[in-house]
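Note that subunit A is present in both complexes that follow, paired respectively with subunit B and with subunit C.
Moving on to the complex of A and B:
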C-alpha cells in the first residue's frame, strides 16, 4: 500500500507555508537577533509570533482538517515529533517559583503536544516520538510503514517545538550557536540558529489529484559520538541509501536534497561530503538559513518545503552563502526552474540518529 | 480498529527500586571508564535490561515519559543560577540518550526510535516495536525506563513508589496466531503507569504467556 501526502499546514518564524516559500525563494531569512534568552550574548533565533503556542498548534491542525477530505480525525492516528514538549512552560514555573510545585508533569512531558491535540480532535490513537532533531522525520518513517502494512488509512504527522531556555542555552554551551542568521555550507560559518515551528502533514493511503507520494524512508545510527557526526558520513549516507532503497530509486533520480544543513561546522562538512559521495551533482540546499533549526519540528516542516518544491518545480536557492566550503556539491545560489520528480530530505540528531525521507511528484 | 499482530516474546527483563537501583553491573557491561562515566541513569538501566535480554544489536524501540530528568534539572539549575551549562549534561538531556549509548557501546548502526507518550509510553513503544518487527522481519528490542530520582521530586511525584524502573522485551512476529492472548494487566504495584504495558508483558513471560496480540 502506497502513502500519499494530501494536505499540510505550517507555522514558523517565516509565517505560514505560503509566506515561508516566498521567503525561501526570495532569500529573505526570518531569523532575528535576540538577547531575551541570554542578555549579554546576542544570538540569531527563529521566533514565531503567537500568544499561546498550544492554541497555534490546534489552529495549524484545524487548518489541515478543514482542507482535507476528512470530516474528523476519529479514524486517524496522530504521530507527534517533538524534542522538548512542554519544557518552556516548566521553565516559566521553575524560574519563577524555584521549586516544582506548580509544574504539571503531564504538561512537562513530550506528550503534552499529542494530549493537547487529542483533547481537541479526538484521534483514534496517538503516539509521540522524541529522537531530538529527527523526531518528526521519524514520524514519517512510522507513518509510511503503518500505511504500507494496512494498519491505518490516515496518519497525521505533527512536528512541534517551541523555543525554550534549555535548548538555546544548551546549544550555546556546545559553542554551536550563530550570533547572526546562519550560513549553511558557507566557508567559515559560525553556527546554527535555534528556532520554533509547528508543521502538520496528513498522510493517507488514497491518492488525490494533488498528492505527493511519500516514496521512501530510511534511518540509521552513527554509533560514533553523542553529538559529533561520523566524519566519514557513514550514518548519513546509510540513512540516505536506505531511503533510496525503500523508494526503489537510484541516487541519480533525486532532483533535490533538502539538507539538514544546520550551519554548524561539523554537520555541514559531513553532510556535504555524504551528498558529494552518494549523488552525482544533485542540487542541494538548506532552508534553515530562512527558518533556523526547528529541532523536533524540522522533519515535518522540511517535508512541507519538499512537497512545495515538487509542486512549484523550483529548486530553493541557498540563502546566506557566498563562498562554499565544499565546491564539489551543487549548491544553487538562485532558484532553479525544473521538473522536480523526487526530493530527499535529511534530518540528523544527537546520539547519531539519522533519518532521510523521499517525496515524489505524481504524473 | 487498527490491525493486530501476534508477537512472540523471546526474552524479558525488569528492574525497579524505591530510589536508586543498586547494582546495574555497569562496570561489566561498560568496561570503558570514560564512556561509563558519561552514562545517564536511564542509559545504565536500559543497558542492564538489554544485557539481561541478551540483546547484542539490531532495531531498538525505547520509551520514556519523562526522559532525562537529572540532566534537565542540571541545565535549568545552571540557567537559574547563572552558571555554565555542562555540554555533557546538554547532550545527555535528549530523550534518545539511553539507546544512543547502547548504539555507541555495541557499534549498533540500526534504527532507533524513542517514544514518549505519557502514561501510554510503554504500550506505544510496544506497538512501534511490533511494527518494526513486522516490516523488517527481524527481532526488535523494546525497552522503557523512568528515572525520577531527583532532589525534591516529591513536589510533583504522586504516582510512583519507585523512582527508578525499567522493563524490556525482545520480540518477533509470530508465525501464526494460535494460542496468542491479549495483554493482561499484570502491572507491578507502585511502578509508574508509563511502564505498565511492558511490565505486564515481562510478567506474562514469567507465566509462560509468550505469544501476545498487539494492535499496531
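Moving on to the complex of A and C:
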C-alpha cells in the first residue's frame, strides 16, 4: 500500500511554511546572534517567536487537522520525532526551584510532545522516537512501513524541538557552533546553528489531488564514531541507496537533494562526497542556512520544504555560500526553475544514524 | 501480527549481584570509559545476546525504553545550576537517544538502521508493531533491546507511569533476536494494533487456555503479576517464559485501555 502526504504545516525561526519558502528562495537567513544561553559566547541560533512552545505545537497540528479531510484524529497514529522533548520546561523548573519536585511529570519525559498532543486531540495511538537529528526522519520511515502493512490509514508525523540550555551548551561543548549564520558547503565554514521548529505532516493511504507521494525511506548506521561520520561516507551513501531501492528509483531520477548540510566541517565534507559519488550532477543545497539545525524536527521540516519544492517546481538556492569546498557537487547559487519529480532529503545524526527520505510529485 | 524469537538475553538487577561495568570490562573486554550506567546496561544485554546467536551486519537494531536515560538529565542540570558550568561533552553525548544504540551497534557490528523508540506506555508493544511492519519490507532480522534502569527520579517515573508509590522499581535489560521466519525459532509472539476494553479482555480470557500474566498496572482479572515494576516488563516476562518453555498470554493496561500479546514456546 502506498503512502501519500496530504497536508502539512510548520513553524520555524523563518515563520510559517509560506514565509519559510519565501525566505529560502530570497536567501534571507532567519538566524539571529544570541547571548541569552551563554552570556560570554555569542552564537547564531534559530529562535522562534512564541509565548508557549506547547501552545504553538497544538496550533500547528490544529492547522493540519482543519485543512485535512479528517474530522478528528481519533483514528490517526501520532509519531513524534524529538531529540530533547520537554527538556526546556524541565530546565525552567529546575533553575527556578533548584530541584525537580515541582516538575509536572507529564511534561518531563521525552514523550512530553506526544503526551501534549494526545491530550489535545485524542489520537488513536502515539509513538515518540528519539534518535537525535534523525528523529522525525525516522518517524517517516515508521509511517511508511506501518501504512504499507495496513496497520494504520492515517499517520501524523510531528517533528518538534525547542531551544534549551542542554542542546545549545551541549553543541558548544562539542565545539561545532557557529558565531554567525551557518554557511553550509562553504570552504572554511565555522559550524552549525542550533534552532527550534515544529513541523506536522499528515501521511495517509489515500491519494488526493495535490498529494505528494512518500516514495521511499532508507536508513543505516555508520557505527563508526559517536560524533563524526564515516569519512568514506559509507553510512550516508547506504542510507541514500536504501531510500532509492525502497522507492524503486535510480539515482539519476532524483532532481534535487535537500542536504542535511549542517555547516559543520565533518558533516558537509562527508555528505558532499556521498552525493558526489552516488549521483550524477544532481542539484543539492542545504536550507539550514535559513532555518538553522532544528535537530529532531529537521526531518519533518525539510520534508515540508521538499514537498514545496516539488509543488513550486523551483530548486532552492544555497544561502551563505560563496566559495564551495567541493566543486564536484552541483550547488545552485540562485533558484532554478524546473519540473521536479523526485526530491531526496537527508537527515544524519550522532552515532552515524542516517535516514534518507524520497518524495515524489504525482502526474 | 506474528514475530518469531530466535534468541534472548535478560538481566534483572534484583536477581544478579554483579557490577555491570566490571562484567563488561572483564568478561567482554569492553572499553567502559565515557559511558554511563544506561549505556553499560544496554551493552551487557546486547553482548549476552551475541553469546547466544549470530548477529549479521544488516540486522536492524531497535532499542526501546519507558523513560530513557533520566539520571544523565539530572546530572547535566546540576552542572549548570550548582556548579555554574557548561555541560560536559560526554554527558551531552550520553543523553542523546541514539548514543546507546550507537555503542550497541558498534559492539554488535550492525550497519543497518538503528532506532530508539519511546512510547507513552505500551512501549514494548509499539516497538513490536514497528518491527513487524519494517520486516515485511526489509526481510532481515532485528535485534530488539528493551532497557529500563532504576533512576534517581523513581518518584517521577511512578507518577508518569501510574504506579503505586510503594512499588519497587527495578533495572532490567532484555534482548530478543526477532524474525518473520519460524525456522529454528524458540517461540512466537503474536500481537496487534488494537486496544481492548475490559469486556473484550474478559472475552479473550474466557477462550484462553494459556497461563496469564498481567503488568503491575493491571488491577482487574486477578491474574499472576510480578511485585516489581519497569516499563518494559513484558519483554522480561516473555524471555522468562521462553527459557521455561512456557506459553502465555500477557496483558498490559494504561489509561483505561488494554493491550494483549500471546507467546507460544516451540
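We adopt the following convention: the second predicted complex is superposed on the first by the 362 of 363 C-alpha atoms of A that agree within 3 Å, B and C clash if a C-alpha of one lies under 4 Å from a C-alpha of the other, contacts with A are read in each partner's own complex, and residues count from 1 in each chain.
Going forward, contacts are C-beta pairs under 8 Å (C-beta built on N, C-alpha and C of every residue); 3 or more make two chains touch, one makes a residue touch a chain.
Keep in mind that this is a model prediction, so the values were computed, not measured.
Of the two partner chains placed around the shared chain by superposition, subunit B and subunit C are both touched by A:129. By the document's definition of touching, neither partner reaches A:50: not subunit B, not subunit C. Note: residues 83, 87, 90-91, 94-95, 98, 100, 103, 105-106, 108-111, 114-115, 125-132, 138, 141-142, 145-146, 148-149, 151-152, 165-166, 169-174, 219-223, 226-227, 234-235, 238, 349-353 of subunit A belong to the subunit B contact set and to the subunit C contact set alike, using the contact criterion stated above. Here subunit C touches subunit A in the complex through residues 1, 61, 67-68, 73-74, 76-77, 80-82, 86-89, 92-93, 95-99, 101-103, 105-106, 109-120, 126, 129-130, 132-134, 136-137, 153, 156, 159-160, 193, 195, going by the rule given at the top.
Those residues of subunit A lying in contact with subunit B across their complex are 77, 83, 85, 87, 90-91, 94-95, 98-101, 103, 105-106, 108-111, 114-115, 124-132, 138, 141-142, 145-146, 148-152, 165-166, 169-174, 219-227, 234-235, 238, 349-353. On subunit A, the positions that touch subunit C within their shared complex are 38, 83, 87, 90-91, 94-95, 98, 100, 103, 105-106, 108-111, 114-115, 118, 125-132, 134-135, 138, 141-142, 145-146, 148-149, 151-152, 165-166, 169-174, 219-223, 226-227, 234-235, 238, 246, 349-353, 355. Interface residues of subunit B facing subunit A in the complex, by the touch rule stated above, are 2-3, 38, 65-67, 72, 75-76, 78-80, 84-87, 90-97, 99-101, 103-104, 106-118, 120-121, 124, 127-128, 131-132, 134-135, 152-153, 155-157, 216.
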